[in-house]
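In the two assemblies presented below, chain A is common to both, partnered first by chain B and then by chain C.
And now, the complex of A and B:
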């Protein structure tokens, strides 16, 4: 068998060219999923195109209008510690801090995690709750998609052959926001059994807007506009929180797996949602 | 553009040129099979167990999940870089003195992780220690002594 070829281009267009020319070439980001799959002999790409030298995929930059661009090669550790993530954007830092263990966070990247689209992963729910845009570049140029349209199913995204995730754009959130990434995992460092991403817009102590998304409870992040509507604008009594949790549980489409049964996930969602909203409010506006 | 099969890294303080026999070799296989540094242990190959943890540019990473070809110019520290049988480093000595070592298989990863913790937090709390080593599995389940060993090392390094 011939050895896998290895490329480490410095330019994005070179990487896209290599990936477009060979449909059995794979991009490599932090390797925290891809190399594990190589070790398990789940795949044997003809070529690997490492993205680690491409400057255009690195960094975190504030853009005109208050949005924030996060390069695809930004590690989970860098995001967890980033002072650029303020207000509603804190949610992403909270999610990053809960991914795996420190050694995984030091290498794994947001671009790799987003492209892999594991339904149990932590970023997808957070990015949908933040109404983030996924920035894509490929042989036919650039495009971007809202996160909720990017994630299509189990390990499935809107990426076409030869396309790369180049970054994630966080639009400015509510002026005053409270956030919480609530993750239930069997042990520290495991993928979520279920997670809840919350962004609340606050005005004079009142909740004026709410974004609630479930992770690990379906093949893509789960949303419920009804649940968000009853949280925004209502006094957050136990009954209101319970109702919102029940709406999200009804919208969920969980499976039975090693981390829990579908029935178990449905049963814990309302409690997890209530805990997430209460913790966000207890922390207050960031 | 196709990367040369030879890369240069600083390994345990010494600059080395490494001729790659295959492009997809992980840092773990290169360390163990090509360079004979068998202190880095091979257990799960999935990044879960932590026994192959090394420091890359000072930060803990799983040697099993890194293609060596991506490390050109990096600095790598393995358990062999922290001390020797004759002259153990302070964290290694604390693990011996605290009786933290049972079968020993998880120890290199555990000691690398603890070393990194103590560099960033010289006097960690018990909770911080537990959190830091949560990604290092010990199947002898000797965690209590490991936590004591890290506390002992901290008290000696930053009294």
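And now, the complex of A and C:
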């Protein structure tokens, strides 16, 4: 028999209290990563603190100023189908739709995915491209961090002991935006070998701003300000796209793993970036 | 016997469909006995090491632990089909990372696992060899110092270090053949290790009765091989070993030989309680088997008008730490060195080598998929060089009926030309393909395949039951492919009964006649043949009794539907007697119980005059060839090199489809497993450690990776040597699939990719190569 204790508090402060009191307690969200790790005996927590009954972690809400709050316990499938995700925020729905399989999307949550911070996962790149804020609460109160500061490395985040991700805040994007989440995986349902998240601000058919982020190409989502700058405000010729892709490829820091070698990832980044930008534009503003 | 009517040819639902669909079916891992303990294994962290000793004290101190087992609990008794080189559990040495070195039985699995983690094994690490090239160096460390002393059923090399099998064969005069060739192509093809990926990881439950007899329920493809292996490695007489197979969740070759049965028996014996051992997926992937990786150098010569005249082949298989079926798989690959073609001059050499990795063994196709990948890709390369249509080149060289197989057996029937003509039509071979999607390149490819259906021996017992129904006892295990239903359909047809009136036995060595195994596409063919023979004997008795009971001559009665013997002519025409009444007469009055039994052996003589062979296992118990062709269309992503199969057409000669639905299921399933082999499945080792031992990291294709429809066309040219006209279909659909896909990719990108699987990276690499 296992000797792991199981808690299912209803209040957020209770959960934080339980997690703070025991440094070998683990929060449980959708369980799509945690349970797999327990099965593989990679973890043997002393206690599991389920977040399922905590109302404060649920729901999607429009906030003053046009930002969108997404509760940590929102499932991937809820986001994939959410009518609240409009304009630039569509990117998150596109990323959610590419996560794993239906069964995984029905249980997995954005809070769990963000906290796990797998560099090959789909949300981190999308959230960085959206300049999202990660909302955190812990024994010392609330704070929030921009996504690009939250993800610190392979399975590593800015979360301190006892802290939980409570939600994700999407700031209003460009008035007119085109998006694309481009993902290469060995088979459907696998993590990305490489992914590209694109948000383009559009004005009268011109690209006025660009956010481009790579997933699976380093221990954190990869950005290149230079690449974004040459895309925004320029006519998008093949040469410009190639240059942007090469800049991102140079910024990437991929590894060799069973999904592909670092060299392969570097080789395909320019093509993936060009394709992502072109398909965002082809879809047009949403 | 004439081909009877009845349920043959109908797509009846599986006999066990409802229980499997509802989850009620009992697999070994579902079984519970009173007082049953759970077993967990300890795996070697070293690729090669001497075992110096064990410290079991911490494990034994865990409350709930009932027994531990290590190499100290076994003698040096070896088991194996072809080479006896494996012990029940590692003793003296470990030879791969993951090899079981110890095991624990405890009251529950968590306790057993926790205790297993506390077992300390002291090792002296030894240098390891994890690739063929390292293993064959003169200074390479030797895996099996006692190799020369092991029992073997073939002519093994002596003093060749880690080379465990070396076979040579020559047909005709290859030198002359190549001299007559106008065009010659030569290339080396790399083949990867594929995991069997059966749904049910291996499992065994062992329980001793008070007499000292052990019953072993396990997930196995052969209760008789399980029994033989236990007998060999534990030294128990077969009278004390009873093996049973409950429902089995797939095997694909990986469960033909011993799995965890020896460990379960050792634990049960020591704990004096039933013990169930069920491996996790990671444990299964790191301790069981793979398809043989390695490489094949192939050279083929043809005349300008496209007649194949000569072939040369050098094949190297990495067998891993234990021989398992390696020599047989390697020989079987060479057996298909010509593919289904008439190549008059051939020389081939094959090697199987020990390395410090997971053993490679039998896997759907048994070496033929590897050889077919090389051969079928090379045929396309040759066609390109000749400027010939690849389908036409294949058709022109199809081995004709009556010709000799490599090795000298006669090919009594072939439908290869029909298959090619059918697929040309069905796949629209001569018509242009639909245009490629944006950013993609489109290509079409073909592969042919040949395989065998007859293998080794089997038997059947048929008994008339008191109520006139039929009890059918066979040793075949239905591992999910549907043989129970097919065998019941055959028996039902022989008696003109509905399948509900056939009672199929559970595979149990105490109760059924011998069968070598559910493998080699052989059950429908071999066991079906035994069923036909046994049924014939029971029919004779039914007719004899019936005639006597109806007071007519034997020639005046016949079986009729619904379990009756009916008078067919004369004054008593239409008078009848039921099977139940006949059964009553036989058991209460005249003659004794009605039983028919059969034993059949596959026997097809080789011909050294046709093909000179040395270092081979005998293949005289292999035969009855079957043929097919597959056409595949793909789209290749120009940016990533990713391949999508957009269309697949499979044409197979199945003799007679006993159950067409199940037959098509085998073809589609085989194609999909071949698609995985072709595109994404590859076990990868890093310094002897399997880098992807889970379905997170090792990817098999899902429904989303296969075309919406895998179009199947059955050619039904009844097999004359089979009572119901059937041939095997389990392996052929996989055999050529990877090659068909590779040829389609080559068509799309204009260059061959000679390495399996065709990952996006390898395809892109070929595309970018100047």
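Going forward, the second predicted complex is superposed on the first by the 284 of 286 C-alpha atoms of A that agree within 3 Å, B and C clash if a C-alpha of one lies under 4 Å from a C-alpha of the other, contacts with A are read in each partner's own complex, and residues count from 1 in each chain.
What we mean here is this: contacts are C-beta pairs under 8 Å (C-beta built on N, C-alpha and C of every residue); 3 or more make two chains touch, one makes a residue touch a chain.
As the structure is a computational prediction, the values presented were derived from the model and not from experiment.
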Contacts of A:28 with chain B and chain C, given as first, second, both or neither: first
When both partners are placed on the shared chain, which of chain B and chain C touches more of chain A: B
Partner chain(s) touched by A:188 [first = chain B, second = chain C, both, neither]: both
Contacts of A:271 with chain B and chain C, given as first, second, both or neither: second
Which of chain B and chain C A:179 touches, first, second, both or neither: neither
Partner chain(s) touched by A:36 [first = chain B, second = chain C, both, neither]: both
Touching partner for A:224 - first (chain B), second (chain C), both, neither: neither
Touching both chain B and chain C, residues of chain A: 36, 39-40, 101, 187-189
Chain B-touching residues of chain A, taken from the complex the two chains share: 3-9, 14, 28, 31-32, 35-36, 38-40, 48, 50, 52, 77, 100-104, 106-107, 187-189
Residue numbers on chain A that touch chain C, as the complex places them: 1-2, 36, 39-41, 101, 184, 186-190, 193, 258, 260-261, 264, 267-268, 271-272, 274-275
Chain B residues touching chain A - in the complex, by the definition given at the top: 1-3, 22-24, 26, 45-47, 50, 53, 56, 59-62, 64-67, 69-70, 113, 116, 131-132, 134-135
Residues of chain C touching chain A in the complex: 108, 110-111, 113, 280, 282, 439, 638-642, 680, 684, 691-692, 694, 696-702, 704-705, 759-761, 764, 768
